[in-house]
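Structures incoming, each one as structure tokens.
Next, two complexes with chain A in common: one pairs it with chain B, the other with chain C.
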Partner chain A sequence: MVFGAVMIPIWRAASKAVKKTLSVRQVPYLAIGAAFSFVIMMFNVPILGGSTGHAVGGVLVAILLGPWAACIAVTVALVIQALLFGDGGITAIGANCFNMAFVLPFVGYYVYKFISSGSPAGSSRRIFAAGAGAYAGICASALSAGIEFGLQPLLYHTANGQALYCPYGLNVAVPAMLFGHLVLIGWVEVIVTALVVKYLQKQDAVFFEGGRS
Partner chain B sequence: MSNPLHKKHHFIERSILSALAFLKDATTSEEYANRKGFLQSLDPRFKTISFFSFLVTAVSLKSAVLISFLYGFCLILVLLSSIPVRHFLVRTLLFIPLFSLFIVLPTVFSAMTPGDPVWSFHVAGITGIITRPGVDGAVLFVVRIATSVSLVVLLSLSTRHSELLKVLRLFGVPQIFVLTVSMCYRYLYLFATMVENIFTAIKSRVGVVSHQRHGQKVVAWNIANTWNRTTQMSEEVYMAMLSRGYTGEPRLLSKFHATPKDWLWLLCAIVICAFLFYRGHTL
Partner chain C sequence: MTLTGKLWIGIGVLIVLSPLGLIVPDQFKGGSAWGEWGLDEIQKMTGYVPHGFQRLSELWKAPLRDYTFQGWEGKDLFSMSFAYLISAVSGIVIIAGVAFLIGKVLAKEHE
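Up next is the complex of A and B:
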């Protein structure tokens, strides 16, 4: 709920930024962008050992739509997941949005911008930058979630010290959240984001020259 | 997110299954929301406020017994709303609460939570001691999650999704955002069908993509292709909106009607929450 309050000024800023850049066409563009960010999770990617995984796609959406529009698109996808499918927790929606609709696209996008700055639209540096951005974004998001989990036993506990919500402190929650993302999930994100940027470059490199990307 | 439980399924089948699962979930929810039942007969605004109150109560209470009472009440509402109990239990208990139990399991041992021992055992020379505060904490954690998930799923199953999204306006969510969410939800049907068609086409033409790298390229190519189709579609949708009189200011149709039954229900919900809070403080 605290993060819900934190997200309100962020959503307000996102709405303003999006209005400025996308004008009156924003509604279908954002709605379809949000649907795209939801649908990315339906694409299963083959990974090691014959198993499959799926990407979250937040950084990819940020590269394609810009970070503010991605913030709204991912928020919309999370709201639909939580409210209509009971997959994300209504009371955790603020924290989920902070991690996945704010930290993830912004960290990923600015890592991508930093590495790719000055490179031609069709360069392989952009593909590398997209992969690095995706990895940085998802790991930063996992770190943020780990810190939020780890702070809960300190903030919410009974008189005898028993945790009311997440029972693990920072020393357990942060490594637990980071390990899976650094070792496996982050790489699924890298593969999907880098390859999609590569194919979009091949189809229409002009897309990466101006505007949002 | 890795899913090693489904190793036996190829990524093509997994993608088709993901798309179909979405479509099935959405269709089943709409089917239950259209049935004649107690929750379906309530005004979505009152229903959402009452469920939100239950949810806040479940999250705030510190007693597993009181939260269980709320869970029992939730199951009674399932019965009164013509929603199959088995379907509801499978949907609400099978994944998230079980996953929570797995997460919280180490905390029942004395190494994580010291306290009065309730049971000890020896395995391979290691002594494990389960403590009372550890068990209490774990039970509270899992019961709270099971109840919260059940409440949200019940609200979603008993309310038409289009109406549930309109109710977001009640909570001060800007109209433009509600419109975006509503439009996004409609396009999800289309895109889920698109994903299913893409992978069915790949399966029928190629059979099986056995090489991992080639499989990754196939998936990435199709995500890129889906993106191209979505951007083209957004232009077409905008033109269609203009042709139907869209001026940049969205307007949502609202046909909610409150009846005395809705007010009575809201009163009951407030009384239940107040009672649980009171009992929570006196326990």
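Up next is the complex of A and C:
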């Protein structure tokens, strides 16, 4: 809930940045990116311990349209998801957006930029960079979510120690979130991101030319 | 065909496959994502329902709660897959529409 307040300046910065960088030609891609992120999150993957996880697709959108546009696309997906399907819940919108619409696209985008810088638009180094960005982005966002969950029992509990929200501390929440994403979900994000980047390189390399794209 | 057309076909394929996101975890007895438990699941795990959650869960009633129709909870996997597919379509129509409008508003000032 605290993250609602953190996200407001981030959303404001995102709309400012996108105003400057998003061209009219890219608007349909923003819509496709938001739709892609939503549908990819519906693919729940079972992970150890009777839990599930899902990819986000946000790093791909960040690579194609820039991290601020990805922030907006994933935010739209998460907000509608919470309102229409009760998934994540409206009180968690702020935290979910911080992890998946901010941490994820930015970490992913800068890892991608760092590895791909100077490589030609159609190169395979760019595909590798996209995969590495996807992996780093989703794992960073899982870590961030784990820390947020783990802090809850410390911050919010009743007088007799019963948790008000998440009952598990950092020692349980962080490994639980990280493990599944490091071994499985991260690779789902890598595969979808790398496949689409490879496909788009052939279709329209203009996505990867110039600094951003 | 335009590139956006091809990408929409890709989204269409993902929509058709989306019930896998319901069926596969069901086969492996995978529950909710970590931290995304319902009140019933949390009660089973810890023996109590944390008070904060109980209060918050009453704040908003989602129309297609848990990607199914009201009253369909606990139906067979085939019906649930159908509801999941309909959820995917309706979610995408709304999300793409909203993202498109936001994009139009923000991007209109140049080009």
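As a working rule, the second predicted complex is superposed on the first by the 182 of 213 C-alpha atoms of A that agree within 3 Å, B and C clash if a C-alpha of one lies under 4 Å from a C-alpha of the other, contacts with A are read in each partner's own complex, and residues count from 1 in each chain.
The definition used in the following text is that contacts are C-beta pairs under 8 Å (C-beta built on N, C-alpha and C of every residue); 3 or more make two chains touch, one makes a residue touch a chain.
Computed from a predicted structure; not experimentally measured.
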Q. Does chain B (first) or chain C (second) touch A:F38, or do both, or does neither?
A. both
(Q) Quick check on the superposed pair: does A:Q203 touch chain B, chain C, both, or neither? Answer first, second, both or neither. (A) both
Q. Touching A:V6 in the superposition: chain B (first), chain C (second), both, neither?
A. neither
Q.
With both complexes superposed on chain A, which partner does A:A145 reach: first (chain B), second (chain C), both or neither?
A. second
Q: Using the superposition on chain A described above, determine whether A:T91 touches chain B (first), chain C (second), both, or neither.
A: both
Q. Counting only touches as set out at the top, which of chain B and chain C does A:L184 meet: first, second, both, neither?
A. first
**Q.** Which superposed partner A:P167 touches (first chain B, second chain C, both, neither)
**A.** both
Q | Which superposed partner A:Q81 touches (first chain B, second chain C, both, neither) | A | second
Q.
According to the stated criteria, A:I115 is in contact with first (chain B), second (chain C), both, or neither; which is it?
A. neither
Q | chain B and chain C contact sites that coincide on chain A, given as residue numbers | A | 15, 24-36, 38-40, 42-47, 50-54, 72, 76-77, 80, 82-86, 89-91, 158, 162-165, 167, 180, 203-204
Q. Which of the residues in chain B end up touching chain A in this complex?
A. 1-4, 6-7, 9-11, 14-15, 18-19, 22, 25-26, 29, 52, 55-56, 59, 62, 91-92, 104, 107, 112-113, 133, 136-138, 140-141, 148-149, 152-153, 156, 161, 164-165, 168, 174, 176-177, 179-181, 183-185, 187-188, 190-192, 194-195, 209, 212, 215-217, 219-228, 230-231, 233-234, 237-238, 241, 248, 250
Q | chain A - residues contacting chain C, complex | A | 15, 18-19, 22-36, 38-40, 42-47, 50-54, 72-73, 76-77, 80-91, 145, 149, 156, 158, 162-167, 173, 176-177, 180, 203-204
Q | Residues of chain A defined as touching chain B within the complex | A | 11, 15, 24-36, 38-54, 56-57, 60, 64, 72, 76-77, 79-80, 82-86, 89-91, 158, 160, 162-165, 167-168, 180, 184-185, 188, 191-192, 195-196, 198-200, 203-204
Q.
Applying the document's contact rule, which stretches of chain C touch chain A when the two form their complex?
A. 3-4, 6-8, 10-11, 14-15, 17-18, 20-22, 24-25, 27-36, 42, 45-46, 48, 50-53, 56-57, 59-67, 84, 87-88, 90-92, 94-100, 102-104, 106-111
